[in-house]
Amino acid sequence: MKREIPIVITLVAGLFMLLAWFVPHPTVKAAYEGLQNWAIVVVGFTYVLGVANLLRINTRQVSRKERDWPYKMVLIAGLLVTMVVGFSEGNHYTDVDSRFQWIYRTFYSPMTATMFSLLAFFIASAAFRAFRIRSVEALLLAIAAFILMIGRVPLGAAIHPAIPAAADWLMEIPQNAAKRGILIGAALGVMATGIRVILGLEKTYGGGDS
Amino acid sequence: MSLAALRHLDRRWIFLGVALLVIVPLLFSFHIAPVLPSNRSRGFYDAIEKLPEGSVVLLSGDYDPGTSAENYPMHLAAVRQLMRRNMRIIALALYPAGPPLTDQVLRIAGEEYHKTQGVDYVNLGYKVGNELVMSQMGQSIPNTFPVDNRGVAVNTIPVMKGIQNFQQIRLIVDISAGYPGTKEWVQQVVSRYHVPMVAGVTAVSAPEYYPYLQAGQLHGLLGGMAGAAEYEVLVGAPGLATRGMDAQSLAHVFIAFMIVLGNLAFIAGPKKGNGR
Amino acid sequence: MAAFLLTAVSIFAFPALASAFPLQAGDTPNDGGGSVDVSWTPPDHHPTSWILVRREQGGTFAPVATVDGTDSHYSDDTAQNGTAYEYQLVASPADPSLDSEVSGPAHASVNLFDWSKFNVLVVAGVFFALLFWYIRKSEGGTKWVFRKIPGLDAIEEAVGRATEMGKGVLYVPGVQEIDDIQTIASMILLGRVARIAAKYETALNVPTNSPGVYTVAEEVVKSAYADVGRSDVYKSDQVRYVTSEQFAYVAAVNGMMLRERPAANLLLGAFFAESLLLAETGHAVGAIQIAGTANVHQMPFFVVACDYTLIGEEYFAASALLSNDARLLGSLKATDSVKILMIAIIVLGSILATFGQTWLGDFFSTQ
């Protein structure tokens, strides 16, 4: 029963949501939106579980002084301080001079921006290491890459106006066509996976045997 | 060092090269080449420019500090243009860490153009729900956001007067980093309610929106920092993005050079068995 | 006072004077009722704005909304179902010579089916029909042939390699919530990978960036270990929630890679900007990397930086191909068949459109 009940719930809810998309009747629409709201609420509750898991694992590692335990202390302290500061300031947490905003501006903003900026370095090293021109297709790809990289910055137009024009053509025609093909395939894959889950053909995700 | 030996080049040298080519132009502006706006940026600019003054514009800042290098300059330039044109701005964010960035651009541009919060613009803040928020706004914006970012009831805010749903919105300006973002706005709002829309997105995701631009569902598109720089030039307020173009130009040339160098090193070295 | 009374009377009592333009009103199609669409062709001479007024048949006009002088359409969503309304556009500032005609009666009604989505229903119906047909054939014993996908064969190899080296496998299920289909597909694959890891007693670590995904992933891994009779090997720390913040998650996972140096990285799910950060770090620690995503913009990074990449539908087909289950393989054939149909329609539609026949393309339009 433990495995059958989730499958039945998935089937009923999945078929309802599928059919409800086609039916604008207010009662059906209300149920459709209601189910979506429930999903948001359930996901919201899982954050409690997530934070509890985070604290459980890290406090245990700190108490046992496992490897890198000082970093776990920093994580726990950061979590608790931010939560306490945010809750204590209430609606005023959005004020420019609030402590919460100070934490946001001083720690959160620069750290996330820094992680994203690592991409610039990694792209360069990946380009050096992995972009091997071993075939005609790879050569065409490399030529397209050069045109795009130079055409997308002011330098390209300064060298010759045909470069940004060529970059635009590459993006609007061949790139678009290939991408649409991949998207159509992926969309069919999405449909197939969704139907397999709704009909109970795939049970692994729910912890069952398929 | 021979070309073959370059195969084992420590990648930290590559990192150093990128770092220098980005930091030096930011510190000492070279003006390698002027920024020339593309048709996509012009479309974005013109869509706002041709709106009647006093029109209601929905500005969605769907990004967080991670992509602020690309999205923040376009967000700020958009608010500047909207305020210069005296639009009524209803701002919101679908990323939890988005509202402070929206607050910041509204405050900076508001001081420049002497606009007052509540009277000329409002920040409705963040709402969880992704596409569901958009769908609910189609029914009623005040019910979806009963209070603004400061906790003030929206039915007491002058700029929100008469705003019920998308029928009163003349243009959607979406600054987006991914999901939820431009695609969801087009699918949930533009296709249902036919509200004109323009979008500013990260460079890596810009190609995904070309079909929408071609189909007319987007009237303009800014792609990455280059798009932001083009837009800053059109708005007449060159800023962070324009300053970054020199660095980006040199970085792109460097990456192209790395591809060539990597292949030369590969050709010069001993041949392995089948690669991957 | 007299001027005001005259204006009020002219708005609410008398029909529009000469050269009035027509106004069409009708039920808003494909909706749940409560809405009437009013449309018109804006005249050459128009006021700054219009006041849209409405009356029930036999009643008096009352204002409903103010619309811009250049507008040509308004949806009145305050209408009661079944009540007949008549509409008129009144110029503002008042000028009876610019007012529209009174529209014919129109009433809002509930529609039971959204006909604008009929084309989607047709495609879905064809897909369902093919799906059930192929599943029936599979259950009847028909064996299907699929092309080899190198990345799939490499999954078991990768786990085996990790076992031989005495190192672990890192499974990253993407950065989207559990309601995303890519994450669901990742959970399905995780179950299969966990079975292999349990059989070989290979350490399997699954850092998640959403509590919802953590909940499901934990259950999937625990059950997988139990299914192969290796619950004793399962550790509760294998699956953990790291953080929901995208780049903090990347930093944490990169840290795990650099410290624990897994022999195999499986990056299967929805990824965004962090894809190259993960893949490059994984390469730096010498792990074999298999990636799979349907996010088109991240595929190039995975193709360049990983050993094997499952692109788009290969990723969704992976679980069916790994399972070797007849019904799941039948669903793959259905997907392939629909794809062939779509290619045929695209080619035919392009040819027809070239000769000015757009009916096929228009049928499949969703705008």
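Letters A, B and C mark the chains as written, and numbering starts fresh at 1 in each.
In this section, contacts are C-beta pairs under 8 Å (C-beta built on N, C-alpha and C of every residue); 3 or more make two chains touch, one makes a residue touch a chain.
Nothing here was measured: the structure is a model prediction, and the numbers come from that model.
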**Message:** As a test of understanding: of all chains, whose mean C-alpha position lies farthest from that of chain A?
**Reply:** B
**Of A-C and B-C, pair with higher C-beta contact tally** = A-C
**Fill in**
Expressed in whole Å, how far the mean CA point of chain A lies from that of chain B is 17
**Complete:** The distance between the C-alpha centres of chain B and chain C, rounded to whole Å, is 22
**Message:** Rounded to a whole Å, what is the gap between the Cα centroids of chain A and chain C?
**Reply:** 14
**Multi-partner residues of chain A (each touching 2 or more other chains)** = 112, 115-116, 123, 125, 127, 129-131, 179
**Request:** Hunt down the residues of chain B that sit against at least two other chains at once, touch-wise.
**Result:** 11, 64, 66-67, 97, 207-208
**Residues of chain C touching at least two other chains** = 245-247, 273, 296
**Complete:** In the complex, the residues of chain B that touch chain A are 9, 11, 14-15, 17-19, 22, 32-36, 38, 64-69, 97, 99-100, 103, 107, 125, 128-129, 132, 135-136, 149-151, 203, 207-208, 210-211, 214, 224, 226, 229, 245, 248-249, 251-256, 258-259, 261-263, 266, 275
**Prompt:** Which positions of chain A touch chain B when the two form their complex?
**Reply:** 33, 36-37, 40, 44, 91, 94, 96, 101, 104-105, 108-110, 112-113, 115-117, 120-121, 123-125, 127-134, 142, 145-146, 149-150, 152-155, 157-158, 164, 168, 171-172, 175-176, 179-180
**Fill in**
Per the touch rule, the chain C residues reaching chain A in their complex are 30-34, 110-114, 117, 120-121, 124, 127-128, 131, 177-179, 181, 184-185, 187-188, 190-192, 210-212, 214-216, 219-220, 222-224, 227, 237, 240-248, 250-251, 259, 273, 276-277, 279-280, 283, 294, 296, 299, 301, 304-305, 311-313, 315-317, 319-320, 323, 325, 327-328, 331-332, 334-335, 338-339, 342
**Prompt:** Which of the residues in chain A end up touching chain C in this complex?
**Reply:** 18, 21-26, 29, 39, 42-43, 46-51, 53-54, 57, 67-68, 111-112, 115-116, 118-119, 122-123, 125-127, 129-131, 179, 182-186, 188-197, 201-202, 204-210
**Request:** Give every residue of chain C touching chain B within the complex, in rising order.
**Result:** 68, 74-75, 176, 245-247, 272-273, 284, 296-298, 307, 366-367
